[in-house]
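So that you can tell them apart, the chains are marked A, B and C in the order they are listed, and the count of residues begins at 1 in each.
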Amino acid sequence: MHWQARLTKYWAYLSMGLVTAIILFLFGYVFYRGADTISWEFLTQAPSGAVLGEEGGIWPAIVGSICFTATAIVLGSIPAIATALYMVFYCKNRRIKGLIRMVVQCISGIPSIVLGLFAYSFLVRDLAWGRCILSSGVALAIMILPFIEVRAEKTFHELPPQMVQSSYALGCSRWYTVWNIILPACKGELVSGIILGGCYAMGATAPMIFTGAVAYASVPKSLMEPAMALPMHLYLLLAQGTTSMDTAYGTAFVMMALILLSNLLATIYARRSQKKWKVS
Amino acid sequence: MESIMTLDRVGASYDGKPALEDISMEIFPHSITAIIGPSGCGKSTLLRCMNGLLKEESGAAVSGNILLKGQDIVKMEPEEVRRRVGLVFQTPSPFPFSIYKNMTYALRYYGVKDKKELDRQVKEKLQMAGLYDEVAQELDKSAHKLSGGQQQRLCIARALTVEPEILLLDEPCSALDVKSSSVIEKMLTQLKEKYTIVIVTHNIAQARRISDHVAFLFGGKLIEFAPAKQIFSQPKEEETKAFLEGIYG
Amino acid sequence: MRRWKNRIFSLLVYGLTAMTVLVLAFVIYFIVKEALPTFQEVSVTDFLFGQRWMPIAYTGEVSFGIFNFIMATLYVSFLALAMAILVGIGAAIFLSCVASERMRGILYPFVDLLAGIPSVIYGFIGLVILVKYFIRAGIPTGSCVLAAGILLAIMLLPFLVSSCSETMLKVKEEYLPCAEAMGISRWYAIATIILPASWKNIMMSMILAIGRAMGETMAVMMVIGNANLFPHLLGKSESIASVIALEMGTAVVGSTHYHALYAAGMVLMILLFAINLIITILREKLIG
């Protein structure tokens, strides 16, 4: 065998092995160290103790994270999908398309901390919404919007163009085609994009540090209240030193489990509905 | 014979590059008009002009007049034009639904809600396309499970559900095997009793078998337009003759 | 009725799109607006090339120089990329050329799991494993640029792997059958045909990955030590994103400190725009 061939072969196998090992290690480590902390009480009680997280659970943080994520998904995915629809099926002007694409790309390039900064100055301070779920939700929504838009646009582009044109050729209008052909055919990919975007929002800490996530709060009752969030909670536990390591591992466990679950869901969902029109 | 559609100096371009120039021809009712020519000569583009679908593509522009029963299609609602002039594509493109839903898709759009009427229409149009006997028992089956030839006949039947006056077909048989093609050819000759058909094909033998009129396009220009008998026996132009003899593939 | 529905739906799509674009454009405008007052106090060159960052006058004068932060951001990002690309391309070769269609269906989502892990968890694992290890290896507090680089490298992996293997898969399908038909061994063809042919696209993914690396906040902040020093492999440093995250809470609104943090954010944003621009130009030039 030639030396290049042998080198490449070892390189490929070693790298894949390393990647697999890293992934298994990350999940294995967190699940192994966190498993002892996980209990019904841990999941359903509020944190307590003299130092944050020394005793008690993370229930308010779980609910808080769900609120942040849901707000971000609602505010981010609808405009994202509308923009993708516009880009693929409505806009015929290349300049406008290029302009929109540039703006979306720029936003996807903005670091999440800068988005947090924006939400803090503009929403929390200038609009006087205060630190609340909605302020953070907007920052997170802006963060995941390009992510969902790009995926949706890709999915729409992959539809067989003749299928869409067949509908126009029958004299059906755009909204009827979008509603009855395009959205149903892309449902799987769109939903999985939204789930993954939600994951991304759930795990992000930087945009919510100044805008809505706090060290301690009870379960939120409205969007105008600040709340706890899992990633923020984990960060604060770590920032205060080694007093609450068990709680930290437990929190990480819950987050990793949520990530694993939603990724699984997204993959299965996308694959099941993809088969419908791709295999023919 | 009075024509149903008149093309008057029609031109089309993509991003300023001309694809069609100065095409004038007529489509006669209850006949099959075949548009032939080498690949890239603008056959499909011409078809898309006829039902206004070309305007949906970015960068495309159309000039000249196209009259449908004397009415300029530019001045009509685009949806109206497309309803009256149906189009079936080269590759079978059923919607990702059941056969039944594929057939009722456009009818529902036009507000037909009565179940009996829907059933009657589905049956009638599927029969016209010669597909009814094959699928009568499994109308709820996904349209993607049909064979290529069946899918294409379903698409034709689907195009018929809106009662178009003209049916445009863009190389409907090029993705199919010989047997499916001959089934479709037979069906088209029956359909012309009720509809007017324009078919784009690169298969000269097919054009010879089914068409009443032939238009030969070359390099975006209409070289010759004449009754089928005449064009196949004594073509006037040198290019037509060369093409029919198989010089340009 | 039908026409009405169509019109309303179109209006909705147009409206939402316009809103999206306006909001996104407003975000950019707002950041620039808040950043500019900095430069009435500090000159642009002092800001970009100054090494002293002293936002509050405890000892001596205030001073705003972010040179070390910029260098740290670039240093960590390139370090991470160098490590990630080595493993990433290898794994991409495996996925595109070794794995079967079914295996790919499982391995792609598996590798994508890395992208789903929140950065705070990367930081956490970095703290409890990498930093501990570095302390044992003799580095005073364990926090260092290398630790941040390793974490970032792992975070970049999924992006590199998926984009590289997508490219290589296309190249493979185009050339491998021809090569094999000539009797050339599979691995020789991969090394001499597929890798060189994918090179341009791999370059593009690398630039894209650098962009992602520079904007990363939490994971880097948790293990880099956060000291305003010129970056060295085993020394502490501080990235632009960490400065913003750490100091925004204490900066007085409207003060130069506050505006300077925005300016730091703007510098980061401009760096990323530049990268996006390079990608767009390269894509047109190289791939066309």
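Please note the rule applied: contacts are C-beta pairs under 8 Å (C-beta built on N, C-alpha and C of every residue); 3 or more make two chains touch, one makes a residue touch a chain.
Keep in mind that this is a model prediction, so the values were computed, not measured.
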Label of the chain whose CA centroid is most distant from the centroid of subunit C: B
Chain with minimal offset from the mean of all protein Cα atoms: A
Highest-count interface - the chain pair sharing the most C-beta contacts: A-C
Rounded Å distance between subunit B and subunit C, as computed from the means of their C-alpha atoms: 51
Gap in Å, rounded to a whole number, between the CA centres of subunit B and subunit A: 46
For subunit A paired with subunit C, centre-to-centre distance based on mean C-alpha positions, whole Å: 17
Touching two or more other chains - residue numbers and ranges from subunit A: 173, 176
Touching two or more other chains - residues of subunit B: 109-110
For subunit C, residues contacting two or more additional chains: 2
Residue ranges of subunit C touching subunit A (in the complex, touch as defined): 2-3, 5-6, 8-10, 12-14, 16-17, 19-21, 23-25, 27-28, 30-31, 34, 86-91, 93-95, 97-98, 105, 109-114, 116-121, 123-125, 127-129, 154, 157, 161, 185, 187-188, 190-192, 195, 211, 214-218, 222, 241, 244-245, 248-249, 253, 261-262, 265, 268-269, 272-273, 275-276
Subunit B contact footprint on subunit A (complex, rising order): 91-94, 160, 162-163, 165-173, 176, 180-181, 184-185, 276-277, 279-280
Subunit A to subunit C touching residues, read off their complex: 1-2, 4-9, 11-16, 18-20, 22-23, 26-27, 29-30, 78-80, 82-83, 85-87, 90, 99-100, 103-107, 109-118, 120-122, 125, 142, 145, 149, 173-176, 178-179, 196, 199-200, 202-206, 209-210, 231, 234-235, 238, 245, 248, 252, 255-256, 259-260, 262-264, 267, 271
Complex interface listing, subunit B residues touching subunit A: 51, 53, 56-59, 79-84, 86-96, 105-106, 109-110, 142, 144, 151, 155, 158-159, 161-162
